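Labels A, B, C, D and E are assigned to the chains in the order they are written; within every chain, residues are numbered from 1.
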Amino acid sequence: MIITYMFYLLSFLAIMFGLMVVLSKNPVHSVLYLVLTFFAIAGHYVLLNAQFLAAVHIIVYAGAIMVLFLYIIMMLNLNKEAEPHKSLWIKASAAVAAGSLLVVLVASIKGTVAITPSNEFNPNIGLIENLGQTLFKDYLLPFEVSSVLLLAAMVGAVMLAKKSIK
Amino acid sequence: MIKLVGLIPLLPLIGFVIIGLFGKKLSKSIVGLVGSGVIFGSFALALAIFFELKGGTQKEFTIDLFTWISAGKLSIPFSFLIDPLSSLFLLIITGIGFLIHLYSIGYMSHDEGFARFFAYLNLFIFFMLLLVLGSNYLIMFVGWEGVGLCSYLLIGFWFKNTAYNNAAKKAFIMNRIGDLGFLMGIILIFITFGSISYHEVFMQANSYSSGTPVLTVIALLLFVGAMGKSAQLPLYTWLPDAMAGPTPVSALIHAATMVTAGIYMIARSNILYSLSPVAMQTVAIVGACTALFAATIGLAQNDIKKVLAYSTVSQLGYMFLALGVGAYTGAVFHVMTHAFFKALLFLGAGSVIHAMGGEQDMRKMGGLKKYIPITHLTFLIGTLAIVGFPGFSGFFSKDEILAHAYENNKLLWVLGILTAAMTTFYMFRLYFLTFKGTFRGTHDQEHHLHESPKSMTIPLVILSMLAVVGGLIGIPEVLGGKHFLEEFLKPVFADSSSRIIFHLPESTEYMLMIVAVAVMATFLYSAYTVYVKNKTLPAAEGEELQPLHKLVYNKYWIDEIYETIITKPLNFISEALHKVVDNQIVDGIVNGIGYLVNWTSSTIRLAQTGNIGFYVFVMVISIVLILFTRLM
Amino acid sequence: MITLLLIFFPLIAALLLLSVKSEQAKNIAIAAAVAEFVIAIFALTQFQYNASIQFEVNYDWIKSVGISFHVGIDGISMLMVLLTSFLVPIIILTSINTHYKNANYFYALILAMQMALIGVFVSLDGFLFYVFWELALIPIYFICLLWGGENSAKITFKFFVYTLAGSLFMLGGLIYLYLHTAGLHSFNISALYAAGRSLDFVQQGYVFWAMFIAFAIKMPIFPFHTWQPDTYTVAPTQGTMMLSGIMLKMGTYGIIRWLLPIAPLGVEHWAYVAIALSVIGIVYASCIAIVQKDFKRLIAYSSIAHVGLISAGILAINVQGMQGAMVQMLSHGVNVVGLFFIVDIIQKRTNTREIATLGGIRNVNPQFAVLFLIVLLGSVALPLTNGFVGEFLLLNGVFQFNAWMTAFAGLSVILGAVYMLRSYQSIMLGETNLITSSFAPLSGNEKLVLVILSAAIIVFGIYPKPLLDIAAPAVNQLIEGVQIALVK
Amino acid sequence: MKALILLSSLGVIALLAEIFSFKKLIYPIVLLGLVLAFILNMFDWDTNQLYFKMMQTDNYAIAFTSLIIVISFLWFIMAEGFFKEESNQSDHFALVLFALVGAVIMVSYTNMAMLFLGIEILSIPMYILAGSNKSDVLSNEAAFKYLIMGAFATGFLLFGITLIYGATGSFDLTEIATVVSTNTAISSIFYVGVLLMLIGMSFKVSAAPFHFWAPDVYQGAPTVITAFMATIVKTAAFAAFLKLFHTTFSSLGETWMHIVWVMAALTLLVGNITAAIQTSTKRMLAYSSVAHAGYMLLALLANNSFSNSAILFYATAYSIASIATFCIVSIVANAKGSDVVDSFNGLAKSNPLLAFVMTIALLSLAGIPPTAGFFAKYYIFTSAFTAGNAGLVLIAIIASLVGVYYYFRIIIAMFFKENTNNQPLEVTINHKLLLIVIAVAIILLGLFPESIISLL
Amino acid sequence: MSIIQTIPIEWYLFLSTVLFAIGVFGVLFRRNAIIIFMSIELMLNAVNLLLVAFSSYLSDSKGQVFVFFIMAVAAAEVAVGLAILSMVYRNTNSPDINNLNKLKW
């Protein structure tokens, strides 16, 4: 039962912080709210028996990506409410569009025919061992390939960020 | 001899080619010699053929030259038909044609286009011969249009003059209106009979019952063609204008030969008409009306050639009247006599004009009798012939027509008589004004007056003799004649004559003759009274006229009416089609599509705002819509 | 093989031309065109007067989709090939006194176009036909664009897009047919015939319109004609001649070779509309021609009138109409090239085509006047000129379809005389004026071209039988086939 | 697979070149490497190997891989100047080669993970390269827009993959296909997933209404990169799109076909019509590229035996013609300082070769015989017709007429208009060769398309 | 006892959808490039959450492995994105995307 309450709580937090990310005026606040959202999501991961993933999630997102965000914000000196005034029309249309997307998505998901898991329930799939098996056996190729991705991103980011020698 | 018939049209063609190609380099005498010589050759051949035909038992010869057009079951040979009718016309054409060529040597001697003139004339003779020689309708049509072309060329002979060119153009176009009818008729003939050769068509037509609608339609269509070529109401206005051409042309083409092509065509197709009473009726009525109508206009014209032109129209109407009442022989007879006397009159008029130095207005003439005696004499003979003075050729032919008209329909006869009366009046008016009284022209003109050269007078003399004796071949039986012509043409009209029986009591015939002569005499006298005794002169230009007189003087304003109801609307419609329909609507739609694309382009490009927010917004909305389709 | 030679010889010559200097181009082009004509004549001597397809060549081309390089010549094609190969040397000859910039390209394009035109006329594969059909458009587009008169970019572009639009519809129709061919799909002409005839009349109606619009635009038929007067006017003389003399026959030929046999029911069902359009076009264009001030434009409109009659004659589906169309296609080609050359001669000497500003040329140059007159008479279809034979047969053919339409169409006989004589009078007759008084005499080649054309006009007016005989068996067979299909 | 390894290695070698300073050699090495990759790739023909159940080198994959390699070879020759820039030379090489790796993955994946990674490996270098003209605000803007929109679209793609995973329990295409065909009561989230993937893929191929990024990015990016995006990226994206929807989802036609129908129509019309009045040739070509996606969507929609070869051929024809046009546009724009249509005025006189090749390429793009573009269009139309999409064919016909309109604006400018700006054009010998080869190829492919369409 | 046996999978579906929609809303709503990036991260995290939920529910580790790839891609995108952003900022001195609309029409 407590798990159910945990679900509700974490879901509420995730949604609320998510909204705060979007709605806060100050970018730094947004970043912080996003970190909180990530924690809420990490909590969900734990609930879902994906402990390793939860840890990675915190490390990668909260630890790396968000720091990067903060770093950029600081570097570019964006930590103020510098956003120009948005017209009501833009606000309304954004709300309407996102709202209708939500409605449509929910509506199309709602009538779901129950998904019947083919496997026996196994609470251990989220363990490192299982994940490692899958990742380095079945998903070895994508794993290797993602190195190309990261390399490309790295090269690219460096190339863009460095000052061009004129 | 008959095998050589191909030479008859070929000779003029050769003449045309020689003169046409080398005319500039040849001297006028050689041109004249070649030009007239080839026609004389044709005439000689035609004469030989005529006698061969007259003497022989076979009355119909077909000479195939080559297949001209063939498509499916339509096969049109280029072939000639020799029968009494065509051989008669051959004689008229080549005979009168020769005389007129001869005349032209003198008449045109001072013209720089001498060679061209002879080339055209030869070409005309060629086409005219084709017209009468053809063994099927399409060959006739070839000649038909060909003479139209030559007429165009010759009317506009003096091509620097815009008015002449307009007249030429008008002639060609009006003829084409008729030609279209003719062409439709030919096509309908083909579709009906599967052939257009006379032999085949007439044979088949014989088996149709009288009044078959398709025959009526064919007959009427052909008649439309005849109306154009033979200047019948309402397509007659080109003929008076055609007098713009040199006078020999008027004599040859617009009096003696080409304009009678319509009569030839209907006479040729007599069986089709005999089988179609409606068409006959139409022909008769149109003919009679034209005769009368043109005669009234002739009463008030002052141009010597115009009078003769209207007289021609009127006489052609007479011939159609004859055809319409079934007097085929009479019509052909009148064609022949008319060819003699009208050619004579025109040539005479030409001689007068020649003498007057180009002046054509009768108001400026008068008393020419003493200056140009030969012309005067021959002209008088012509006048007497045309008014139907007893004994002259016109008398017999007219009489035959009137008799048939009388039997057919009294009203037509009345119209005929009226026309005859007016003819008498205006012809003698012409004669009196020109030759009697005193000279009214300028001193210069008077000084210039002289008799025409031999080459002009000889044809006049020959024609005047023909105009006198030409009637002899058709003296009606009541006058003790044998009517040679009727006998001769019998094979041609055999099928028709069995259907249209002409019978009039002798007494009636006499009566009709007497009436005709009486009327003629009366009007001759009245013309004499007015123009010789009282020395009345036609009103000068610009003088106010009596309403009726004005109406007639202005030719009922028919030209103006045509201008208003046809030419102007046509131009207006064409302009409208061009400027409004074509440029605005049809092209407008096409261009409009182009503009529409541009407009759409400039409109929807605005959606590409450059603003990411907007792009994402559109994306999201599209996603919503796509997912929404899933929900439905 | 001779068919291949006919197709590719001009192409080779065109490629050769690209590599020579501009000054030599003219002579080479003439030589090549004449050689092509000789080849065509040789083909004619080898040609057997029956309905079969001769000199047939059939290679697989794009085998997997049933496209073959299938060409051959029957009577109908033979005539068109003769027309093309006869006119092209004439057309090139007309340009002798004109000095075009980059003449080698100019003549290369003309020869390339000839190749495409011949290809169109001998193709026996739907796809190949389409390819040649489109191919013909590109050279003429560039000819008109680059050597054309004022505003040529806009006008020729309209022409290009307009005709391309039609072609694409035809492509749609061809694909539709192709997908209805039995077994492995094929573009072979007989397969397409069979496919077309297997459709019901509604489907054939679609095919009919898809193809007819393409042909109608090419010819052009009212109301698809508005590209034509502008293009004819703006194109260089030789371009106009190619367009009017040969290219528009692609449309009429297309109807004969492709439309009728493929969709007989469709044609029959829609013939009233199509013929009505053609016939309306005849009178409509004639009327508009009357009020034209530019002589070239006038001829352009007259061409619409003439071609309308051809199309009506073909669509009436009978031997007379079809034979008339065949003859008239040739005659129109000869006449219109003559007329446009006359325009060119006048324009070169007076720098104007405005009818009203000219006059009296006959005084200065009677020879020219005579030749002009002959061409004009051919154009107004005076008997014993080539124009008459076709016109008579065509009217005959249409009459069998509907008498009233024929009567209406026949108005062109009158209106044609009206506008032609009117312009002749205005240009040639009357007194000379400042512009025309120094009208230079005809040069040798001008005389030569006009004499050849005049001779053709008269000779084939008097003796059209050789032409009729070439096409007769093929035409008869075609009409019979269509009529059998209609009866079924 | 061999090509994949080779290309990745080439990328790394390029990076190493910076360190070991043999930068001058990279260009020839890369070209050689591409030739080698092509050959190695062709050796796999008909072998149909499956690697880790992640990639499959079936003929489809090999054909598209070869095409991509050939085009990139041409592209490298065209983009010669792009690699001259001293500071970022090896970065450029590496990024392009990595992008090629992504492209190769995209045409041979059999697993959603590979698809996703392939797309990203292709996209991320493209985001960067779009902005590679760092000092140019327009280039920055292009990179930024591309990235934001791309990432946004990726979100939807991933959401779709996830839903499909949820419904089928697998990322493997074959397994998913098996589930689809055996399981009748499949969860409805699966269909939502299919649609979301459709949206994601449509974005990548720039189909309306997900095309908005394309014109802006194409215009802002350096011309060579635009050429890369318009040719290789588009080809790869279509190959991936087609593979997914033609194999795995092909039985779900009723789910996506009507949507693709509308998208195809919209793409054709919007792309062509908007291109009609563009003044910048690059932007015009961008819209035209959108429009060409519309034609390829026709083949995709047809979902029949023609589709594969139709898209292969269309992509070939379109890509080589695009390489030529972009090459010429960049030459002209460099010389004249602007890529507006008027820059082309009088090109036929000043440089006939360029004008001639440009004309052929544009005719091919417009689809006029005897160019490859014509047969490509024809083939697509046949394919669509066979599938019963006559209405779309009609729209496509109308759209291609509009297409002719704007392509011919350039032709008219080149041949008809007078040159006002007499900047001399410098064309390197390589470019000349490239253009001649392309012109010949366009014609040859137009005349003998059999060689390509019979591959698949 | 796992959550997946007590909470129906639909709930996670809804939760992810809501989070995803919030991310979309953020992209639409904000004009600050940094926050737009963050919103996209939010979208990706919603997907991740769903993947994990499915993985757990199906007892299938592939879903969680996939999350790794997403994380890698997200990291790469962020790195590149922020690099681009800094580059843009260098040229325009503003993170406001409204300034980035020179390319249009």
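Rule of thumb we're sticking to: contacts are C-beta pairs under 8 Å (C-beta built on N, C-alpha and C of every residue); 3 or more make two chains touch, one makes a residue touch a chain.
None of these values were measured; they are calculated from a predicted model.
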Count of contact steps on the shortest path from chain B to chain D = 1
Inquiry  = Going by the contact definition above, tell me which chain pair has the most C-beta pairs touching.
reply    = A-E
Inquiry  = With centres defined from CA atoms, tell me which chain sits nearest the overall protein centre.
reply    = C
Request  = Please name the chain that ends up farthest from chain A once chain centres are defined by their CA atoms averaged.
outcome  = B
Note = Note: chain E sits from chain B at a C-alpha centroid distance in Å of 97
Remark   = CA centroids of chain C and chain E: separation to the nearest Å works out as 66
Message = Using Cα averages as centroids, what's the distance between chain A and chain C in whole Å?
response = 70
Query = Cα centroid separation between chain D and chain E, in whole Å?
reply = 27
For chain E, residues contacting two or more additional chains = 9, 13, 20, 23-24, 27-28, 31, 37, 57-58, 60, 62, 65, 69, 73, 76-77, 80, 83-85, 87, 97-98, 100-104
Remark   = By the touch definition above, chain B meets two or more other chains at residues 594, 605, 608, 610, 612-613, 616-617, 620, 623, 627, 630
Task = So, with touch as defined above, which chain pairs make the list?
result = A-B, A-D, A-E, B-C, B-D, B-E, C-D, D-E
Ask   = What does chain D use to touch chain A in their complex?
value = 8, 11-12, 15, 51-55, 86-88, 91, 94-95, 98-99, 101-102, 105, 111, 113-114, 117-118, 120-121, 124-125, 127-129, 131-132, 134-135, 143, 163, 166-167, 169, 185-189, 191-192
Inquiry  = Show me the residue ranges of chain A that touch chain B in the complex, using the header's touch definition.
reply    = 90, 93-94, 97-98, 100-101, 104-105, 107-108
Inquiry  = If we count contacts the way the header does, which residues on chain B are in touch with chain C in the complex?
reply    = 66-74, 138, 141-142, 144-146, 149, 152, 156, 159-162, 165-166, 169, 172-173, 176-177, 179-180, 183-184, 187-188, 190-191, 570-571, 573-575, 577-578, 581-582, 586-587, 590-591, 594
Ask   = Which residues of chain A touch chain D in their complex?
value = 105, 108-109, 111-115, 117-119, 138-142, 145-146, 148-149, 151-153, 155-160, 164-165
Inquiry  = Applying the document's contact rule, which stretches of chain A touch chain E when the two form their complex?
reply    = 1, 3-4, 6-7, 11, 14-15, 18-19, 21-23, 27, 30-31, 34, 37-38, 41, 44-45, 47-50, 53, 56-57, 60-61, 64-65, 68-69, 72-73, 75-76, 78, 82-84, 86, 90-91, 93-95, 97-99, 101-102, 105-106, 109-110, 112, 115, 117-123, 125-126, 130-131, 133-135, 138-139, 142, 146, 149-150, 152-154, 156-158, 160-161
